[in-house]
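In what follows, structures are represented as structure tokens.
Next come two complexes, and both contain chain A; in the first it sits with chain B, in the second with chain C.
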Partner chain A sequence: MQTISAVFAYTFKEHIRHKAWLSAALFGLVLLGGAIIVSALGADERARLLLDLGLAAIEAISLVSVVFLTVSLILVEIESRAIYLILTHPVRRSDYLLGRFLGTVAAVAVGMAVMAAMHLGLLTLYGWWEPLRYLAALACVLGKTAVMGALSLLLSLALTSEAAAMAFAVFLWMLGHFSSEMRFLADRSGSAFLKTALVAFSHAAPDFAHFNYRDFWHQAAPGAEWLMWAGVYALAYSAACLALSVQLFDQKEF
Partner chain B sequence: MKGRWLAVAAALFALALFAGSRMRRLHEPRFPPLGELKAGPFAFQDAGLAAAGFRAPAADLAWIQLLQYAAGSLPEYTDHPGHPYEHLGTLSLRVSRLDPSFHRAVLFSAGMLAWFHGIERPDEAAELLNEGMRRSPDQPMYALYLAALAYKKQGDTDRMIALLESSFDQPETPSTMKAILANLRQSRGEYREALVLWARILDSERDRSEHARARAKISELKSLLAKPAPKKR
Partner chain C sequence: MNAIRFQNVSKIYRRSHLGRVTETTGLSGLDLDIQKGEVFGLLGLNGSGKTTAIKLLMGLHHPTKGEVETLGRRASDVEVLARIGYAPEAAYLNKTLTGRENLRLFAALSRIPRAEIEGRVAEMLDKVGLGKAMDQRLSEYSKGMLQRASLAQALIHDPELVILDEPVTGLDPLAIKEVRVLILWLKSKGKTVLFSSHDISEVERVCDRIGILSGGRLVKVMKQDEWRGKPDALETAFAAAVVRTDGVGSIRME
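On to the complex of A and B.
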């Protein structure tokens, strides 16, 4: 546990000092500013527009940050040979990987929190005040970010190429929002093979379509039990990806 | 112990699948399939945003484009001479198909098509409202507007206005519809009632887009009311 927290602390500090992370946070603030301007065109739906566009900006920036940071998280240390130095110490590879991952997600979460605080402040100025629902939406965005971070880490270790890992991560992000469509296609498909493949694929890909609280809360917001299962889903999916990453990392010879 | 982490991953993945099935059972988002999005100048924008998981923001941008069209400044959609606002229905259905909970888009277009001076296409408005009702049967405003349309067709303007005014303070009522109602009162010579409606618009923070017009109308109506009534001979 001590090792994990030590790796967590240095990863967290490294990301907070990282210029790319800071520019992403700055870009997020610019996007939030853009949301104010765009929402001004929305006439009597101004608060809704500010809410949706702001949350979308927070999610987009968090996604880009977490994918960029995690695909290079281990690969950069392998390339610079810094990993030799770390692994010569009594550090278990699983602890090292977990500490690195948690530190990255925490750094992204801090960026999200800063953007969310500013966003919520703006919404309050426009008369929108539903902090509990906002927190639920933000928790779902964080869940998606954690799942994408774990997936990107796994892909970077499996493909050993940052560019390929990023491309696959973006592909899986898109696919995750098509889980309903894939199941719909499977229902319509006449071929048993295609049906099985589609169902298997729809389950294997992260189910972001059902995780998109900020997208469907205007309809009927799901209750506390749904949020609990969504949390279990994000934790279990991320942990499964991390376990696979540890398996791959254990097999690497340095 | 080589496959230990594989076993752990399999167990965790099974747990994720179970949690996912519970999530789906507890709440299924009611979004129309992407196949229902119509091809048009903005198809790429809509499909791209929806595929990236931004359906509500996509509907918001579609709403802004609908308002731009209504204001006559959307070059991708131009009307044929003599057919004002011919794309209003298409553009509001686009918003509704991206996010069926965006009721205001349908109500705004239906209101304009049915009651806006110089348009008056109630059948088209009824079609829009029926589609809105099919997608969101629990939204009472669609039924209310359809009932008001029925009164309009019967020529029962008093009951139509009374029904529409009953929804005046509902959060879903578009500001444009409120302005239409106030103008309707004014056109019937009911200046006092029109003045009250414009004052209510001015009081509402949500109807900020109509505040400038409300101020102008209030001063116009006050001067009309200040004039002495013409003497009967």
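On to the complex of A and C.
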């Protein structure tokens, strides 16, 4: 546990010192632009539009950040050979990977928290205040971010090229939004090959339908059970990706 | 008792490019025992297998054939690394951290109890002459300071076995002398020291025994009494034992 927390702490510090403020600054610009645009709208429309715009921006910025950070997370340490000194201490490779992953997700989560604070502040000015539902939506974005982080980490270790890992991560991220459509097409397909391929892709790619809390935003909010399953899915998918990453990482020589 | 044992160890690097596999021999049939409390020097040209042997000891590489043992355990056993200190040929440290944070990280990774970490870190930084620079980021350190920080991480946990890969390469004469004093101090404390070098004069001043590697093979092992008081004995033996394998001819000014 001490080794995981030590790796977690230095990874977190490294990200915070390097990049975290960039995402918050970018988000600030998005919010400023959004506020200027919505100021021309009617009072009831303003808060709704700012809410949607802000949450979409937080999600997009968090996902881009986590993919960028995780695809280079291990490869940069291999390139700089800093990994030599870490792995020549009594550190299990699985502990190292877990610490690096958790440190990165935590750094992105801090960025999310800063963005959310700015967003909520602005929404309050426009008269919107539903903190519990807002937190639930944010937790879903965090779940999605963790899943994409774990997937990007796995891809970076499997492909050993940042560009290829990033391209695949974006591809799987897109597929993840069409899981139910892929399963529907597989059911309708007459070709056994196509059916198998579609089913395989729909299971391999993350199913982001589990995290679409914002789809319910203007209807009745999903209950605690829905949120619990989103959490279970995020944990299970991330754990599976990390377990495969450990398998690949164990075979690596430096 | 043996601190290090290589039993018929071979390491073959396989690289595949566009379906074509090439093999390079890093080490071939290495048999070597190093006793506890001994200072042993590995001498050899570039590409002779010195770093490969050290990486096998540190678990960064896996042997293709044979067994590598350190302090009575298999080298791949992560637990044994808590009793070994390792400094690579360059200071591969995370430059976003300060000297203190860096050493705190390695102290935690080496499983030093939390309550002792701060005291040990400050003491070690003072010992290597970085007491006044401990709160500067490593990116601001000179090469000599980084080398000291690297030595500090190797010694922070008071290891039984210290492995130094080319510790004097690229250092100024004063720093070389300090490394020599350090090795002799470690010997006086009963530690086992293995280090690799190109520098024959340094090796003959501090080693109890040396091994000469050439083309991945251990071609000669000598004891101190074979060179002590005999000027040029080690250099002559070295020149006679090694064969260039890098395809470079000797310099001839005729």
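Just so it is clear, the second predicted complex is superposed on the first by the 223 of 254 C-alpha atoms of A that agree within 3 Å, B and C clash if a C-alpha of one lies under 4 Å from a C-alpha of the other, contacts with A are read in each partner's own complex, and residues count from 1 in each chain.
Rule of thumb we're sticking to: a contact is a pair of C-beta atoms (placed from the backbone, for glycine too) under 8 Å apart; a residue touches a chain by one contact, two chains touch by 3 or more.
Quick caveat: nothing in here was measured; it's all calculated off a predicted structure.
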Partner chain(s) touched by A:Leu151 [first = chain B, second = chain C, both, neither]: neither
More chain A residues in contact - chain B or chain C: B
Chain B versus chain C as contact partner of A:Ala239, first or second or both or neither: first
Contacts of A:Trp226 with chain B and chain C, given as first, second, both or neither: first
Contacts of A:Phe216 with chain B and chain C, given as first, second, both or neither: first
First, second, both or neither for A:Ile4, with chain B first and chain C second: neither
Touched partner set for A:Leu69, first chain B, second chain C, both or neither: neither
On chain A, the residue positions that both chain B and chain C contact, one per complex: none
Chain C residues touching chain A - in the complex, by the definition given at the top: 55, 58-62, 78-82, 84, 86, 88, 90, 92-94, 96-97, 101, 105-106, 108-111, 114, 150, 153
Footprint of chain A on chain B - complex, ascending: 3, 5-6, 8-10, 12-13, 15-17, 19-20, 22-24, 26-31, 33-34, 50-57, 60-61, 63-64, 67-68, 99-102, 104, 174-175, 205-209
Residue numbers on chain A that touch chain C, as the complex places them: 2-3, 5-7, 9-10, 13-14, 17-18, 80-92, 253-254
Residue ranges of chain A in contact with chain B within the complex: 38, 41-46, 48-49, 52-53, 56, 59, 94, 127, 173-174, 176-178, 180-181, 184, 203, 207-212, 214-216, 218-220, 222-223, 225-226, 229-230, 232-233, 236-237, 239-241, 243-244, 246-247, 250
